[in-house]
Structures are given as structure tokens and as C-alpha cells.
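We call the chains A, B, C and D, going by the order they appear; numbering starts again at 1 in every chain.
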Amino acid sequence: MPPRRSEGSHCDRRQFLAGTAAAAALTVLQGLQPARAQGTVGSAGVPDSRLLEDLVAANRILAKHGIVDAYGHVSARHDKAADRFLLSRSLAPELVTADDLVEYDLDANPINLAGRSQYSERYIHAEIYRARPDVQAVVHDHSPSVIPFGVSSVPMRPVYHMAGFIGAGLPVFEIRDVAGMTDMLVSDAMRGRGLARALGQSTAVLMRGHGVAVVGATIPFAVARSIYLEVNARIQLEAIGLGGEVRYLDPEEAKKVLESGENRGYERPWELWKRDALKDM
Amino acid sequence: MPPRRSEGSHCDRRQFLAGTAAAAALTVLQGLQPARAQGTVGSAGVPDSRLLEDLVAANRILAKHGIVDAYGHVSARHDKAADRFLLSRSLAPELVTADDLVEYDLDANPINLAGRSQYSERYIHAEIYRARPDVQAVVHDHSPSVIPFGVSSVPMRPVYHMAGFIGAGLPVFEIRDVAGMTDMLVSDAMRGRGLARALGQSTAVLMRGHGVAVVGATIPFAVARSIYLEVNARIQLEAIGLGGEVRYLDPEEAKKVLESGENRGYERPWELWKRDALKDM
Amino acid sequence: MPPRRSEGSHCDRRQFLAGTAAAAALTVLQGLQPARAQGTVGSAGVPDSRLLEDLVAANRILAKHGIVDAYGHVSARHDKAADRFLLSRSLAPELVTADDLVEYDLDANPINLAGRSQYSERYIHAEIYRARPDVQAVVHDHSPSVIPFGVSSVPMRPVYHMAGFIGAGLPVFEIRDVAGMTDMLVSDAMRGRGLARALGQSTAVLMRGHGVAVVGATIPFAVARSIYLEVNARIQLEAIGLGGEVRYLDPEEAKKVLESGENRGYERPWELWKRDALKDM
Amino acid sequence: MPPRRSEGSHCDRRQFLAGTAAAAALTVLQGLQPARAQGTVGSAGVPDSRLLEDLVAANRILAKHGIVDAYGHVSARHDKAADRFLLSRSLAPELVTADDLVEYDLDANPINLAGRSQYSERYIHAEIYRARPDVQAVVHDHSPSVIPFGVSSVPMRPVYHMAGFIGAGLPVFEIRDVAGMTDMLVSDAMRGRGLARALGQSTAVLMRGHGVAVVGATIPFAVARSIYLEVNARIQLEAIGLGGEVRYLDPEEAKKVLESGENRGYERPWELWKRDALKDM
């Protein structure tokens, strides 16, 4: 059962901040002993409370938008250590609180697990953080309208400026190339490295027969790109369904969208989404 | 009118457990006399309270996901007797409480009906339980995006790992083969046997011009497969709509998904869905 | 502004019944004078309270299912006089209460309008009641997935048993045939008669570039058919979108669906929908 | 953070009117100093309280219908000065209150900004008001099913009478024609003038790879047309998806829809939508 504090009642923002910071500190402290016992190094310290708040909000925002259901996850690089990241224990994203966040190193070893179960695909996050120092947040999901583009010979392209981050297209990760016939899960370091390699310098990588991994320089960027990737997919599906010729954003236009601030840094939706997500806690 | 207890108020989980176990015991006891009068044998006893809770939750979860509306039903094999199963009286699934569950034998005879009306298609459940000792739960529904695959020459295939249980494809039950021109309902034993035969060893069988029957080794498996079958259908429809070539899961990949635990036994969504379903009671 | 009584508060079913019967009686009494002044005959009397309750529920159910938005309407033949019917004043269906129902004769003249504004397309209802003595309820709506079948050369066909009432297909009313170039509205008796003629003995008639009119022997039949017509349309669209061959219900199968009670008279959904609709009043 | 007054509590309509009129007056007064300091002329005065109420409602209605998300905006011409218009500060539409409305001149200069951030695409509104004296309200959005028609060679056409305002079709604004390779935003006067030129005398102009701008003689007209444009787009997509021949409204029929009052001036939906939007404030 998820923690009692997120049931029913409604806490205001200051309480939340105070609560999560304290709770996280406690979790980290409590977690140090078992972590050492497992042979991992110590915690990088208590993360910034704003980072924790944003990561909790990110989990709930993605669930509210149907980008994740009980599966899928979102992580953030630790603000005190570039070789650490924060990711929930194995739990449906819409139930995640700051208490559920686990600190990981870049080999996907947990620092403060304290006996809780883990996402088997944490290697997606670890290997992307290792390969891409510019990335501060990673989303993995089974975004329903994005999946068709990972299994079809028809490539995803940006149909409107909100999806300028697609640029000239997105790479597709074929897990068979690195691991042959599998259960499709990126559940070890080798598969994670293959995925990170396929991602390259892109903003997202489609995963054939599975879903997508999306990255960003902040949590809002990774979350907003995940949401608008789904919207763009639906619009592109409809545009193709009309049967005529489709004019996509020119790669030059897509580049200018990014250069001019990429939708003003998604500040406006982030304010709206976060407000809405925290309201339910 | 549905029972007053499910209106408005909000009961916590312990109350629910206590309430349903007691209520079910009462129902069973009350039901024994009329059942005997109808010439059926006595009850196999009070089912496990967790099973009852899961079956009530299953009814509500399927309704919340749009897999059933007022039609469709879900059953579970009795935990005390392999030749008995539990299925609601004729009622819209989202209104079902433990009090509404009726015990049936494998000829679809009710043990404790007490004058209540029945689902006319209870034979779907009875004949599948008879033919498939491994099955502990059965869902029948009119899942909207699944129906096209039951009437089209284009077969359903797994587009992503969440639907690995589709394997190399699903059988389609053509009711004309066993009963000629009908009202399409599996409302007698002969039709039920035809459906069970078409199902064979699969996880689900599409019913032409009607819907689908989905099975599982537990209630969560049958429910989760019903939900992800609908999701897979929507994604496959979109993938085909793109007009290119589609790469489905290889049967070997699908097999490995099942062998590796089939989405971790759907534990994560079940926790989320059940919590959400019981909240409304 | 809609009447204050439907705002915020929550009334139980007995109150509702008492309230609507009283209110309707009052409305009818108050309405007699202006009606006579307009040269129409007197009221046929206070309708059965159950009929009023069902008609109010029907308005709200259709809105909740997205079958009507602010446009569209539903009527019922008066239980005390076959040449009268009840239809709301001009108002969005989800706001309709028993106080808003107006009594009409079969020329679409209001009996108790009392200065309120009317639906300009009340002729749809009047002319269908005149032409079809078996019809007790009529729905007119702009059901979004049904409209394509009224403008396309591809005919609507039943893809599953819930839409058996479609039979071998539905007629399409081309308003140009009776009135040339128009504003598309069935806003006079001539257009209404043309529509009723096109309907013939069918359960529904598609209106090219406009919507649909659906009939039933009771309010639940007309409402449920309207809802399942939309569902069937979506499923047929998807089945066609797969690109293969589609096997529709055989007309003989559709006939047997009707003969065997047409989805058990829609009793199960009606109980669910009505309960849900009245909860919000 | 959005202002506290819109959180949680529920204010009745009179309070809202009083509150917004007072607040707006205050905002205007407070804003005069900074406005002058920026070299703009003084305010045209306090707008009519009904206009403010409708504009706030319009923001929320468009959000509730999914026509805008955090992006997109709606404005109204000032009732006291034809060369002024009212538009929210940079804020997600569903959060907009009367306090957030800024007065602009037709060069898109703010009169009472008071340091708040602005929508970068306010030039869409300014240049349309300049070019079209008949227009009193403008909506700009990324309506998801409308976007395909802005990028496809297949033109949008009215499939039903609710979209008669589409007439014989809608113009498409290609930003490359006026500004070459850009970030796609109409963020200066030149681009705004190009858009207004493309709009011509139409009711809306599609923006390639971006969205749409819709106009009206009142706020309800602009809002309702925005909503029914999306509905028409979805219906047309489905009608085309059926693969047969599609019969659209004849331009003469579309013209008659407008001449006969264009869906009765959208009075019925406006009453419903506004009531619903203000309920949440």
C-alpha cells in the first residue's frame, strides 16, 4: 500500500516542501546503512527540495496526461553529484511521493534502497546519464501513439512547432541488434548502453515494440517533450490519414524553434501542470 | 436500485474486507435453501475474502477502463472447489458488490441465486473453466478496438511487449460454425463449448461480431490482459493506418515476455487499479 | 440562467419524483392560458411522473455520453394522449429539468410554452410521431462518428450484436430532395414530413450533413440505440481502417438480435445510466 | 503562482462581476503609470464588466474543450475604443482571471503591463483587429485535429451545418511566404500583417505547422467557431477515412447557415459553457 499521507487529504505547497525535504533526508539517512551493507558507496547528500518536488510532480503529470500508466518512469540527475540520479522504487508513477525516490549510481546500483523493489529497466536511465553529460532528466514510457512510429517503416516527423525538438527525425532502437531475441526489456547494462548509443545526441529515441526514452536539460523539458511527442504523433497519424501530401517542419525551422528557446522553455505548461499535480497530494 | 451501501459514502479497506466476507457468508447461507429447491447441489463454502475483494475490484476496474460498459462480466473460479465459479447476478459491472456474487457449477447452474436475475452468457465462463483447469479467472467484454479484429480479415498481432500474451495471434470464434444464424449470444452450453474449443490453449479468443473472452491464472492476469488487449488493438490500428510496413513482436519475443513473468505479473497496475476502484465504494 | 434548484445541491430520488410531478402539474396549469390564447387546444393532462423522470434522465444521459452537446434533443409521446409529445424548451440537454418540458401537438404547436423559446427543429419529433404510431420516443443529435456515414458513399452496417437494430442498413435523408438548398435545418412541417418519409419503418435515419434521428418504443430504447449507434460507427470506422475484408452481422443475425429482446431491452444500461444522471441533480 | 483567489473556493456570479469590475479598474489605474513610462498612451477606460466576464470565461471554455492547453490565447476588442484590445498576460488560459487581462493598442503595445510577461504572439490579435473592423474577438490555438489540414494538401471543408462558417474552405497561412525559415511564431508586426492578409474576409485562417486563428463578431462566435472547427476536422478525417466519396455542404448551404443566424448565434452552448466555466472559479 502507498503511504497514508497521500490519501484523501490536501496539503499546501509549503507543507509539501517541508515534508518532502525532511522525508527525503530521513530516507537517505536511513538508507545509508543497508546501502553500505550492499557494497555501494555512500549517498551524495540530500537533493535540493525543488528538484524533489519537480520529480514527484513529473511522475504525476505524466500519469495525468496518459503518457505513463502503471508502467514507465522518470528520473533526474542528482544536483549534488553528476554520477548519481534519483528514480522511484518500483511503483506506479501517479502514486510516487518524495519518500519513494531512490538514489542510484551510474551502474544502476541503488544507494538507499532499504529493501524496496526496483524498476527492472533502471539501466535506461543510468546509461543515458553516463553517455550524455548534458542530460539532467530522463523519461521512459509506452506513449500509445508514439509506439506505432517505432514499429512502422514510416518515420516520425515534426508536424508543428511544439515538436520542433524532433528535428529531422528520431532514431529507433532495435533491441535485436544488441541482444537478439529478448523479452524486450532494457534490464541490464549492455542493453542500456545499446539504447544510449542509439539515442546519440537526439532528444528522444523510439524503442521498437516497446516505447520511447526522452531526455532534457531539466525535468520540465523531458516531461513536456514526452507529452508533445505524443501529441505530435497523433497529429501526424491524422495528417497521413487524410491521404494527401504532408508538409512537415523543415529541419531548419525545427532548429530555429530550439534556438529561440523551445516553446519558451515550457514554463507556461510547467506552471499549470505542476500546480494541478500537487493539488492532488 | 443497487444497494444503498455503495452510494456516496467512503469505506476504508478493513471495513470493506470485513463487510464483504460477512455479507458473502450471509448470502451463501441464505442462498442454500433456494439452491437446493432448484435441484442443484450445496455451496462449496465461503470463498476467501481476498478473492471476493479482487473480483469486486475487477468489475469496477474493467468499467473504469471502458473495457465493459453495462454489458460484459468477469468471474473467478472458487478457491474451495475447482468445479465452482463466482459471477455477479445480472448487473452493470461498475455497480457490483460482494453481495451480488453468485456461485455457479460448471453447468452454469446457480447455487445461491435467491431469485435474482442472471447473465444469459454465463456459459462462456462455465465451459472455459471446464475445458481449462489452469484458468482461474475469465473476462467477457465488448472492448471497442478489439471488435474490429474479430470481424476483419486482418489478424491481431502484438505490437509491443505489454501484449506479449497475444503470442503469434489469437483465435476467432465464429458462432455460425456451431449454431448457424443466431442472436450472437453464447447463451447455452453448446455455444459455450464451441467458444472454449476455439479458445484452445490461448490467452484470449475473439468473438466475431460480438467481443472477446480473456482468461488468466489469476484475476489480475485476466483483467490486465483485457485492458492491454484493447491498448494493443488501438496501437495496431494506428500502426496500420500509417500505411508503411509494420514489425510486430516475433513469436519468440512474445514467448520470452511470458517466460520472464509477463510484465512482472501485473503487480504494479493491479495495486494502482485496485486502490482506485475500492476508493469509490 | 437555468433554474436555481439544479445548481449545486443533491436531491434524492423521492424528492425528485415529488418535485417533478408537482412542478409539471403547475407548469401545465400555468401554461393553459397562454396556450389557449395562441389558439391551441388544452393540455392532455399531467404526464406520468416516471415518464417525466425518464425524459429528464434521457436528456442528461445523452449529454454525458457525448451524443448531444448544447444541440440535439429528445422527446417522448405523452402517455395520456397519442397526439401529444413532450420536449424541452430551447435549452442544452444537460440542463433540462421537468420544469423545462413543453407539451406539443403533432403540428409542433406548443400547448404550454408560456413565452419560453423553442427548438426550431421540433418538427422532426412531430412528424415522426404522426407517421409512426409505434414510436414513443425520438432522439435527434449530431453524434460525431455517425455523421461521416451520412455524408459518405460507404453505408453504415452493424459490426456487432449491440447494433443489431441497424438491420440491413439505415436510410439517409437528403434535405435537398425536399427543399433544395437550405440552412440544413428541419425547421418546418414539410421538411419534417420528408424526414419521416425517409425514416420509413427503420429504427433511425441519417441526416446528410447534419446528424441523425433515432426512434424507440420506449425512452430507454431510443436513448440506448443512439448511444450504440455512435459506438458501432466508431468500430466500423476502425474495422474499415484495417484495410482488410469486414464481415458484418448478417441481416438474419440482426433480425434475431431484435427478436430475442434487443439486448434484453437495455434494462441493465438504463439502470446504470439513470442512476448516474439523477445523482447530479 | 496564480492568484490565490482562484484556488479552491467557489464564488457566485454577482461576486464575480463585482470582483472583476473592481479588480480591472484597479489594474487599469495601477497600470497607467508604467504604461506612460513605456511611452504608450493612456488607457481607453474600464471595459464593460460583461465583456471582462465573457473573456475570462472564453479562456476557461477553450481550455476545458481541449482547444488550448497551456498555449493559445483569446482576446476581445475594447468596448470603449476600437483601437484597443484585451488579452491576458502570458499565462495558461485555464488560469486566467480578470486581473490578468492587459490592454493593448493595435501595434501590440501594452497599456498597463506593470512588469508582467506577455504572449509573444500578441501580433496575431493586433494585426487582425487592425485589418478587420468587423472582428470583435480573436482566438489563436493549436487545435489538434485542425493542424493536419494546415499541413496537408487535402483542404478542410464543412461536413455538417455546425461548421457552415467554413464556407467554401479556409485559407492557409504559410509563414515562409512572408518571413522564410523561422521559429514558426507570429512574433512581430510583419508576420502578423501577413497572417491578417491571409485571413482576408474569412472566419478563420489555418497556420501551416502551427495552428489556427479564428475570428468573430462577438466572443461567443469566436469561441464556438474554434470548438466546432475542431469537431468538423475530426468528422472530416473520419469521413475521408471511410474511403468512399464524401458529400460536403454546398457553399450555398454554408451561406444559408450563416444567413439564418449561424446556429442561433451559439446562444445555447454559450449559456452552458459559461455556466460551467464560472462554476470552477
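The working rule: a residue touches a chain if its C-beta (ideal position, glycine included) is under 8 Å from a C-beta of that chain, and two chains touch if they have at least 3 such contacts.
Not measured: the values here are computed from a predicted model.
K.L.:
Determine how many degrees of rotation, between 0 and 180 and to the nearest 5, align the Cα atoms of chain C with the equivalent atoms in chain D.
P.N.:
For the C-alpha superposition of chain C onto chain D, the angle is 90 degrees.
K.L.:
For chain A versus chain D, which are copies of one sequence, does the interface use mostly the same residue numbers on each side, meaning over half shared, or is it different?
P.N.:
different
K.L.:
Measuring centre to centre with C-alpha atoms, which chain is farthest from chain D?
P.N.:
Measuring from the centre of chain D, the most distant chain centre belongs to B.
K.L.:
Just give me the whole-number Å value for how far the CA centre of chain A lies from that of chain B.
P.N.:
Chain centres of chain A and chain B, defined by C-alpha means, are spaced 34 Å apart.
K.L.:
Averaging only over C-alpha atoms, locate the centres of chain B and chain D and give their separation in whole Å.
P.N.:
From the centre of chain B to the centre of chain D is 47 Å.
K.L.:
Send over the residues of chain B in touch with two or more other chains.
P.N.:
Residues 241 of chain B touch two or more partner chains.
K.L.:
Using the touch definition up top, name the residues of chain B that touch chain C in the complex.
P.N.:
The touching residues are 1-2, 69-71, 90-92, 94-95, 120, 142, 144-145, 147-149, 151-154, 181-185, 208-211, 237, 240-241.
K.L.:
Could you list, by residue number, the parts of chain A that touch chain D in their complex?
P.N.:
Touching chain D: residues 158-162, 164, 231, 234-235, 238-239, 241-250, 252-253, 256-257, 259-260, 263-264, 268-269, 271-273, 275 of chain A.
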